Amino acid sequence: MKTRRVVVPELEKVLHKDYKVLDHGFVRVIDYMGDDSSVVQAARVSYGKGTKHVNQDAGLINYLMRHFHTTPFEMCEIKFHVKLPIFVARQWIRHRTASINEYSARYSILDKEFYIPDDSQISEQSCDNAQGRGKVLSKEFSQEVIDLLKHDATLTYNSYSRFLEKGLAREISRINLTLNYYTQWYWKVNLHNLLRFVRLRADEHAQYEIRVYAETILNIVKFWVPLTYNAFVEYCLEAKTLSKSALNVIRQLVNGQEVSRESSGMSKREWNDVMMILGK
Amino acid sequence: MKTRRVVVPELEKVLHKDYKVLDHGFVRVIDYMGDDSSVVQAARVSYGKGTKHVNQDAGLINYLMRHFHTTPFEMCEIKFHVKLPIFVARQWIRHRTASINEYSARYSILDKEFYIPDDSQISEQSCDNAQGRGKVLSKEFSQEVIDLLKHDATLTYNSYSRFLEKGLAREISRINLTLNYYTQWYWKVNLHNLLRFVRLRADEHAQYEIRVYAETILNIVKFWVPLTYNAFVEYCLEAKTLSKSALNVIRQLVNGQEVSRESSGMSKREWNDVMMILGK
Amino acid sequence: MKTRRVVVPELEKVLHKDYKVLDHGFVRVIDYMGDDSSVVQAARVSYGKGTKHVNQDAGLINYLMRHFHTTPFEMCEIKFHVKLPIFVARQWIRHRTASINEYSARYSILDKEFYIPDDSQISEQSCDNAQGRGKVLSKEFSQEVIDLLKHDATLTYNSYSRFLEKGLAREISRINLTLNYYTQWYWKVNLHNLLRFVRLRADEHAQYEIRVYAETILNIVKFWVPLTYNAFVEYCLEAKTLSKSALNVIRQLVNGQEVSRESSGMSKREWNDVMMILGK
Amino acid sequence: MKTRRVVVPELEKVLHKDYKVLDHGFVRVIDYMGDDSSVVQAARVSYGKGTKHVNQDAGLINYLMRHFHTTPFEMCEIKFHVKLPIFVARQWIRHRTASINEYSARYSILDKEFYIPDDSQISEQSCDNAQGRGKVLSKEFSQEVIDLLKHDATLTYNSYSRFLEKGLAREISRINLTLNYYTQWYWKVNLHNLLRFVRLRADEHAQYEIRVYAETILNIVKFWVPLTYNAFVEYCLEAKTLSKSALNVIRQLVNGQEVSRESSGMSKREWNDVMMILGK
């Protein structure tokens, strides 16, 4: 149909398309509002007139991103249909500034679909990262994990089915399902809050299973608002925040002075992080 | 341009159109996302499958509105360009769940445009409503008010202009302007929060100068999402919340019993409000 | 210790006390800020001076509640420590305007504690309420449900334990647990948003397992802010919102006129709801 | 009075004390909840057990601040009474995640108190900063500015007084006042959002008149939560975020390589900012 609103042809092409994520999940764009020009338009009402050429729009968007002028990015909105395991949904929903309508297992029956990690994700507890994964475990143990996950999810679903068959209320039946069962929801969010979600969840410290969703969404952002995407990568995703002490160390290094962790006031961990950033 | 998104032809017709409000203000729709069907679609993912006929959509939307199932209404979004006096902007911004980019007088120069109420709005302080207006004042005094408002606004603008001419920083120059000067902003909000704004600001207790904006917006809602509009009027705008005690009184009246304020436990004010609702 | 802040002796008595909920859950008050007088103080800065006697504070609080002047209730804050099943946590977290820190199973190991409903809660699917429970099921089937829930939760925990023992990352091990496992969190919220939570979750349409938490919290509100509690019960919890059409019907009934559903414009369901409210 | 809640003796001493700001403004702490230990407690429920010594609490708080783990900082809350010019209030209120009750000029009469900058703040428009101030203007012109500001504020107040005397509604009378008149409000906010406010408004790009409020509040934060204060200064207030390109430049400099703006891909402005950070 025809519209007089801003249209993004690249995004139109993929509307309603399934981006597959994990073994049964997906991300679909259902609707959107605005594009890079909406960010620029809002910035110009706030910050006064400017010129109109593309490279100047890019410059303005870079400026906004670099200086944390976040409100113009709130002028764009997007709505996704997402299918995801419940344990991922539990992390995702911590981002409060979005609108959500989730499939309700009080009203409807959940399908027999659960997430099983593939071999490459069956990893040991990380030693230096209390929340993460370390190296991949043995083939043998991996297979045992996969078999047990499948067995337990199937078994709990069988009980769930039996409960429903015998007339038990849905809202109580579903409590027997495991956290790797899939749910789905509409998720609507503005561009600013979307980028915050991506920054936290596409990070290497995020759990793999939510990271793949965040990466899929980042890809869609690239189609939708390419100038904002570039600014985001440059000034946010691949930028680093350096502490007062770290900046002192860097100033000394740049001036050819010697530095040591002891004199820097930094913890071992922070020192190592900074040295890694500097490629030392 | 062509889009595969939901399109609302009635709203497309008035995109970018000025709805005049007060003496120099306006409301313009700049962009939107979704329509009644988006509300229905979100409700159905939450509450399970349903049928598709129009009257059933209306029934579902009525049900959602009546039972405070508010999240499906968050699935629609709209963006306005609004020009409004600063004192109105100060009330408007108390609605926190919206995105705003306001014209900044730190960056740009404000036009010489200020609000002057017309005769019909030059009213005395209300006696029974601590915040409102009572009856219209004399023609003579009205004229004096109008003259003084014009005089003072003009004079403060002259100083403002002089400050700017002589190079004083804009951010300090503007503090000399009166609260009836016009500002403008982009205001983007979801349908649920828009309706909350309208309910509070189209109310008879709201100040006239914001009420006319709320009424203009309510009119636009009617084009945009007619089923939601009807449900909103029926279950919200023209509905009344009756207290536990008021319900007791009504039950007695309906059963033909006598009631008195003294036995009802209600304050005089509340009693009068209830009697007015009952047309007594 | 001594403080110059507002203190609520009745609430101090129960600080850190466990209020037991369900089979292993609890609610504990950890901290609070403000009381009824804070609501009054905020209202008076907004609405001007008033008198100080207790019954006038009550009158002012009633007025605020009755007229949806909600911001003064935001001036009080409370923090709870709550232990609750994961499926309850999933409903609870939909209330976005609160601060939460949840026990993380990425960092720590979950205890072997899961929720098993007692007989009285093993009910069939409701016929007239798509999301609720109907009458209690047979003793025999109840026992089967309880046995299966225990069996499945135990079995999935055994796999979880085996995973951890063999070194599998905690963040992946936990996905095998069922939704009735207990989690815990700190939940901090202002009084206005707390009352919204209670209104929705202490409602008869809320799932039993969250309702008992909401009722426990409502009890605590009674100690904390007794005037606000009374106003909340009178003007919110036991009040009803009547639609435009329902008000028309009531006006006719009060005037001794005949009414029928057909002429009222109401749906069967709404008509029945209104008749129930009127005790007809 | 006695309380079993967390108490901060340093903050108790200054409860209700006026911190003077600008010519007639103030900041007063009215109430608070929690301290550094509340942040630590929340982090430990999320991230597992840890030790209890003071320097370890500091380490944990530093870790949280450095890694943007913001939710534990939401566990502390503070309430201020603030008196401030209306044009400052207009900037302040853009921080949406706080609770506010403002003195209402619809209900009450505003005092004849307006802000007049002192000489040192009568500056010219900045050349390189579109929103800021440059060098101080001549004594002579300064005096003219001050005289005009006083004259116009007095004159508009005279009209305001006349309007009220003759019975014009307060809500319309007040629109004649200038933006430098003082208003007041209660402002209640959690520690996380308070620090965001301080970071943006204590910044050198913020307008002087809001910066002095932010600095006053930062001082109070130092009494209240000293460990959080230190972490905030180190990892936020005096930290810098360096873009992907800036990090490349720094890596080259640290390794003793030559760099040029042309090869860096940075704009002139960004290049200059980076060189200033490096003390070059």
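Here the chain labels run A, B, C and D in written order, and each chain numbers its own residues starting at 1.
Keep in mind that, in the parts below, contacts are C-beta pairs under 8 Å (C-beta built on N, C-alpha and C of every residue); 3 or more make two chains touch, one makes a residue touch a chain.
Worth saying up front: this structure is predicted, and the values here are computed from it rather than measured.
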item	value
Joint neighbours of subunit D and subunit C, given as chain labels	A, B
Least step count from subunit A to subunit D, where 1 means the two chains touch	1
Chain separated most widely from subunit D, comparing mean CA positions	C
Whole-Å gap between the CA centroids of subunit B and subunit C	30
Euclidean distance of C-alpha centroids - subunit A vs subunit B, Å	35
Junction residues of subunit A, two or more chains touched	47-48, 71, 94, 100, 104, 107, 130-131
Complex contacts: residues of subunit C adjacent to subunit B	47-48, 59, 62, 66-68, 71, 94, 130-131, 200, 205, 233-235, 238-247, 250-251, 253-256, 267, 270, 277-280
Complex contact set, residues of subunit D against subunit B	85-87, 89-90, 93-94, 96-97, 100, 104, 106-107, 115, 117, 121-126, 130-134, 137, 141, 145, 148-149, 151-153, 155-156, 159, 162-163, 166-172, 174-180, 207
Complex interface listing, subunit D residues touching subunit C	1-7, 12, 15-16, 31-34, 38, 41-43, 45-49, 71-72, 74-75, 77, 79, 81, 99-104, 107-108, 184-186, 188, 190
